[in-house]
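Same chain, two partners: subunit A is paired with subunit B first, then with subunit C.
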Partner chain A sequence: MKIFSNKNFVAWYFVFPVAFIHLFVIGIPSLASLALCLTDWRGLGEINYIGFENFIELFDDRYLKKAIINNVIWTIAFLTVPVGIALTCAYLLTGIKRGQMFFRLAFFFPYMLASVINCQIWKYLFHPIHGLGGFFERIGWDFLAVSPFTMKSTSLFAVAFVDGWHFWGFLVVIYLTGMYQVDNHLYEAADIEGATKFQKFRYITLPMIRPVFVFSIMIIIIWSVPVFDYVYILTGGGPAYSSEVIANYMYSQAFERFDVGYSSAIGTLMFFYVMIIVALFGLFRKAGWDI
Partner chain B sequence: MIVAKYRSREVISNYIILIIFALIAILPLAVLIFNSIKPQMEFGVNPLGPPSEIRFENFSEAWVKGEYAKVFFNSLKLVVGSVFLCLAVSLAAGFSLAKLNPKGSAIIAVYLLVGISIPAQLYIVPLFLLWKEIHLLNTHIGLIIIYTALNAPFATFLIRSYMIRLPDELFEAARLDGANTFQLFFRVALPLSWPVILTAGLIISLAVWNEFLFALTFISEEGFKPMATILFAFQWRFENNYALQSASAIMMVAPVAILFMLFQRRFISGLTSGGLKG
Partner chain C sequence: MIKTVISFVSVIILSTSFSAISKTKVTWSMESNADRDPIMIEKLQNAYNNSQGNYELVIEFEDNETRLTSMRTAMIGGMGPDIVETPGPSYVKEYHAAGMLENLDSYAAEFGWKDKMIPWAYSSGVFEGSLYAIPKTHESMVMLYNKTLFEENNWKVPTTLEELEDVAGKIKAKGMNVFSYGSDGWQPTHEHLVGIYLNNYAGPQAVYEAIIGEREWTDPVFVEALELLKKHMVDEGYWSGSLENYYAIGWDDFHAQFANRGAAMMTIGTWTFQATQLGIGASGDEWGWAPLPSLSSQSPDPNFMIAIGTTMSVNANGKNKDGAIDVLNWIMSNKDKVLDIAKDFEFGEMVVPLTLSSSDIPTDIAPQVQDYLSEYARITGEGNYGYCTWTFWPADPGVHIWKDMEVVWAGDISVEDFLYDHQKMWDKARKNGDTLPVPLRN
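Here is the complex of A and B:
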């Protein structure tokens, strides 16, 4: 809607502050990082160009490999469990009349809470003496007798569980906005045909909410990359790197080892991965795969 | 809206499943509330249930030991500063992108869209070194500038999508009356945009209040730390004092809970309009 195309100059004044602040804080430092990943800089002293040496080292780094695998597991876990639960709950919510708003608020509220809060709640609940472990012990059950955060086999899933617990209500609300737009006549027609609840979900709801569903898949894949808070607070990546993720590993390389070049290389890797995902979804959309 | 012709048996099973998940979402919060008013002595025998004796002194004790008066003030400064700065720049940009459409503004839109998805890990180290160089580390203004940049793309798009729906005739009429572009912005666009200003303001406040990574990295001096990183430190300092820990956590949750009760729909619609990492 062009109203004042002759006032181009003034119009730019209005965009300038955002562009300036964003470039200053995110744009230029990002470009700096894309350049620094080719150096051995440690934050002080001279900067030496070393070509792709950081990246060669990176592909040999077994801790990073572990972190990448954990991020992949994290992504898959989030694409299945919270998505499945949220789809179920959203679908069930459209089938009830009373209390819709209550359930919506109850599911959504944890999403409003800070990571430090959620971590504190679950650190306590997973405490072996207090919390659920203590409770089960009292009724003669050794379930959760050891904190899942401190066991190598469970630490990653325990952390992902806490983040997922905080996140899935967000998905419920997103799916609900899609489901409310589905024409009710479709369900009525299906009822006349004698379709089951699951058939209606599979053949009416799911195809009809495809745009929001695809959107949710995209943000889960993108948001699974920079996961940091929950890992840093709950386990610090331990025990023995069992819950290490890329962002936490990068953080320790940057702010404990001060290896600017190497941590920039990890950041660059994350950036390109995210950009490829964004571009892929953009292509799907262009190809008419309505998103 | 409601799926037609549900048999009552189905409705009951719907409710049972929904109630189970609602309890999973809410019971952990109930435990936190119980713990915040439970005497520390009682934790050994009653880890999950409601307290036998309500002890509000946990709050005053935590408030003093954590020096929360100062910490709250730090967080509040960050929230108010970021909301003002971010709204100011985003309103201007949203207005321009919605109604002025300068040639080439699509580049800005694309840049901001890309900006939303850049992982912080790409730029946090150079940003840290830059902030050190220009003495913005351990300052609130430094963090406010960062929070403004982090939230501005989302706020700009939210505001743009609202302002684009304001009728063009209003702007044309004002223009005919001799208003310049700044007057169009301040006299016409802004007064009509309070709903989106409120929504964006609430979402930015929440994001800043809860933010952890940048607060952790850019504020290392105790006296300047906001709620999120102080609470993290507090969890280590009083590792086994769950009464104090929980009372502190409740103090951080309370403002969010109150605002959420007042503005549920705004929070939900704002947060689900996309682009904000949670």
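Here is the complex of A and C:
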């Protein structure tokens, strides 16, 4: 019993409530989902073990492949556009002395809005009758006449744009926080050496905020896997699966087609994918990367 | 004096509380709708509660998607509402297969429900020979048109493919859309159109044969039907002007488009009657309706596609099954009350498939709706009825028919490949026993 009053054990008392809730809310359902992927369960009624049948079907599913490709495109898009804009804006903001708070708030504001509100705003803006397209048509311009959400060639990028618009302000804030941690003497020394603004960014800012930057990269990669709400609200994965992503496809299998076993198999794939990413970052850290 | 008042108030409070406590609560989880809910409270919940002293019906309204998920979770856990409302037979099938619904055979026999209902609607709730669900509302697809506009232009309401394509050309020449419709907010809208083309091109008989497995979905007649739909949707832009606009336009917009003469016609379900009456009715134009045109010689006669909107069942694990049965029996036995509710929705909702005579049809509803109800009864009574996908398609092919139709319209796969996949899903559903009840065809 002494172990329970041990000083080192005290921390566990604080961890326990959260761990207990996680066990029931995340742990057990996750394990159940792992088990369900080997069954033909339809969400109700009896559960039959069918071995790896769901996984065999997965590899033959052209729409799942499409969803995986779309997730990869989504991840690349988020690793480039919002990150690039956020880094630039955050760096520029460090040079602004007056009104900086206004810009920080303005950039961060979309992140505070519920996804459904963000989606409705953009859906309305791109609406062919009530949106910008309708407005331009009335003044004689054929611009944005068709909503990009409803075109096969643009739907995925249009949804990614809306999600990116809501997300990049968050990146600005965390990059700004990292930039404020950088020792000002380094910039003063660079000024004496005659470094340009870009050189200071490239050789001082970027290396110094590397932990924050790598963290942002990691969360973008991980968060890109279960992306769901923006796709579901804006396009439902359509038209013609052009904006379908894995989580939306998984939802459709479970709640539209009642194929919970198959849906669990998709979930299991997602789980292992995320585990691999986390493991990779763990390895980088072990290899001495400052992340 | 004060003592007397206090005593009087106390007696009232106590008696009210006692009557509430003494009644056994019957719960009903119902799809929420801001316009509909107050009427359901007043004319269903309160009317039932006032009609007897044993049970207290409590309707719990919730957004349908959330409701279905939470109800399913509760029922898996052996709980859930006493009256289980589902969006159609494919859901009933899942609950029935899991043993979660009460067998209603004995009650149907005791209270004579079978004689009170339209036969096909009764059989839609029969699974493995027993009754498990009663339709709360039944519906069909119709073609609405702007009567004033048609009269002004001397256009003929189309009854055949040739007439449809002819009038479509004239409508487009006037700068209007042929049909007002769109799928924004409800992707399964596509299945309304697929159902129309399958039934009105291939014909209800061919569809029936495919449903019962006597004909393959890859049959050329279905291929031609969906090729025609693709032509009208993608090449001709019949619905809201283009495929992209059809995807972008939702319920409010397509009603506004129809009301504002943005389109001359609308293909839609009968659930729209109230919205149409409020929309175009307020614009000053008169609206009319017609059966969907025949699209080939294989479907020469006008037909109405039959469909179940929502169903009512009794939870096998419910706390108060007797109360739930009593509520269902009240609905089945009070035609006037049910018609009074349906009347408030212009027969777009709560259209319980009770057998009606012409004298039952209320006279204080829109004349178009009165006319529709008579024609629907006459034509379906003659056996000219088709099949809506959301009532007779099992879950997997049922999703495939609307979700993957977009892939056909996008040109990513051919109609033949689409129907090949569709047949495979039907084969799988048949093998797994997932097919749904379909009334025998004469």
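By our rule, the second predicted complex is superposed on the first by the 262 of 291 C-alpha atoms of A that agree within 3 Å, B and C clash if a C-alpha of one lies under 4 Å from a C-alpha of the other, contacts with A are read in each partner's own complex, and residues count from 1 in each chain.
Basically, contacts are C-beta pairs under 8 Å (C-beta built on N, C-alpha and C of every residue); 3 or more make two chains touch, one makes a residue touch a chain.
It should be emphasised that the depicted structure is a prediction, and the values quoted were computed from it without experimental measurement.
Enquirer: Consider subunit A as the common anchor and indicate whether subunit B and subunit C clash or fit when overlaid.
Expert: Clash: subunit B and subunit C overlap once superposed on subunit A.
Enquirer: Could you tell me if A:Tyr124 is touching subunit B, subunit C, both of them or neither one (first, second, both, neither)?
Expert: A:Tyr124 contacts subunit B only, not subunit C.
Enquirer: Answer with first, second, both or neither: which of subunit B and subunit C does A:Trp12 touch in the superposed model?
Expert: Touch status of A:Trp12: first partner only.
Enquirer: Using the superposition on chain A described above, determine whether A:Tyr180 touches subunit B (first), subunit C (second), both, or neither.
Expert: A:Tyr180: touches subunit B, not subunit C.
Enquirer: Touch test for A:Gly43: subunit B only (first), subunit C only (second), both, or neither?
Expert: In the superposed model, A:Gly43 contacts both subunit B and subunit C.
Enquirer: Applying the document's definition of touch, where does A:Leu87 land relative to subunit B and subunit C: first, second, both, or neither?
Expert: A:Leu87 sits against neither subunit B nor subunit C.
Enquirer: Contact-wise, after the overlay, does A:Glu188 reach subunit B, subunit C, both or neither (first, second, both, neither)?
Expert: first
Enquirer: Determine, for the superposed model, which of the two partners subunit B and subunit C contacts more residues of subunit A.
Expert: B
Enquirer: With both complexes superposed on chain A, which partner does A:Glu256 reach: first (subunit B), second (subunit C), both or neither?
Expert: second
Enquirer: Looking at A:Ile220, would you say it contacts subunit B, subunit C, both, or neither? Reply first, second, both or neither.
Expert: It touches nothing on subunit B or subunit C.
Enquirer: Check the residue A:Ile68 against both partner chains and state whether it touches subunit B (first), subunit C (second), both, or neither.
Expert: The answer is neither, since A:Ile68 touches no partner chain.
Enquirer: Which of 38-46, 128-136, 146-154 or 200-208 in subunit B clashes with subunit C after superposition?
Expert: Only one listed stretch clashes with subunit C, namely 128-136.
Enquirer: Mind sorting out which residues of subunit A both subunit B and subunit C touch, each in its own complex?
Expert: In the superposed arrangement, which is not itself an observed complex, subunit A uses residues 43, 127, 129-130, 255 for both subunit B and subunit C.
Enquirer: For subunit C, which residues count as touching subunit A in their complex?
Expert: Residues of subunit C touching subunit A: 69, 72, 75-76, 94-95, 97-100, 187, 242-245, 247-249, 253, 395-396, 399, 403, 406-407, 409-410, 412.
Enquirer: What residues on subunit B touch subunit A, complex-wise?
Expert: The touching residues are 1-6, 10-11, 14-15, 17-18, 21-22, 24-26, 28-29, 31-32, 35, 43-44, 47-48, 88-90, 92-93, 95-103, 105, 108, 111-112, 114-115, 117-130, 145-146, 148-150, 152-153, 156, 164, 168, 171-172, 175, 180-182, 185, 206, 209-210, 212-213, 216-217, 227-229, 231-232, 235, 242, 245-246, 249, 252-253, 256-257, 260, 264, 267-268, 271-272, 274, 277-278.
Enquirer: Would you pull the subunit A residues touching subunit B in the complex into a rising list?
Expert: 1-5, 7-15, 17-19, 21-22, 24-30, 32-34, 36, 43, 85, 88-89, 92-97, 99, 102-117, 120-125, 127, 129-132, 134-135, 165-167, 169-170, 173-174, 177, 180, 184, 187-188, 191, 197, 200, 215, 219, 222-223, 225-226, 228-229, 232-233, 246-247, 250-251, 254-255, 260, 263-264, 266-268, 270-271, 274-275, 278
Enquirer: Which stretch or stretches of subunit A touch subunit C in the complex?
Expert: These residues of subunit A touch subunit C: 42-46, 126-130, 146-147, 149-152, 236, 238-242, 252, 255-259.
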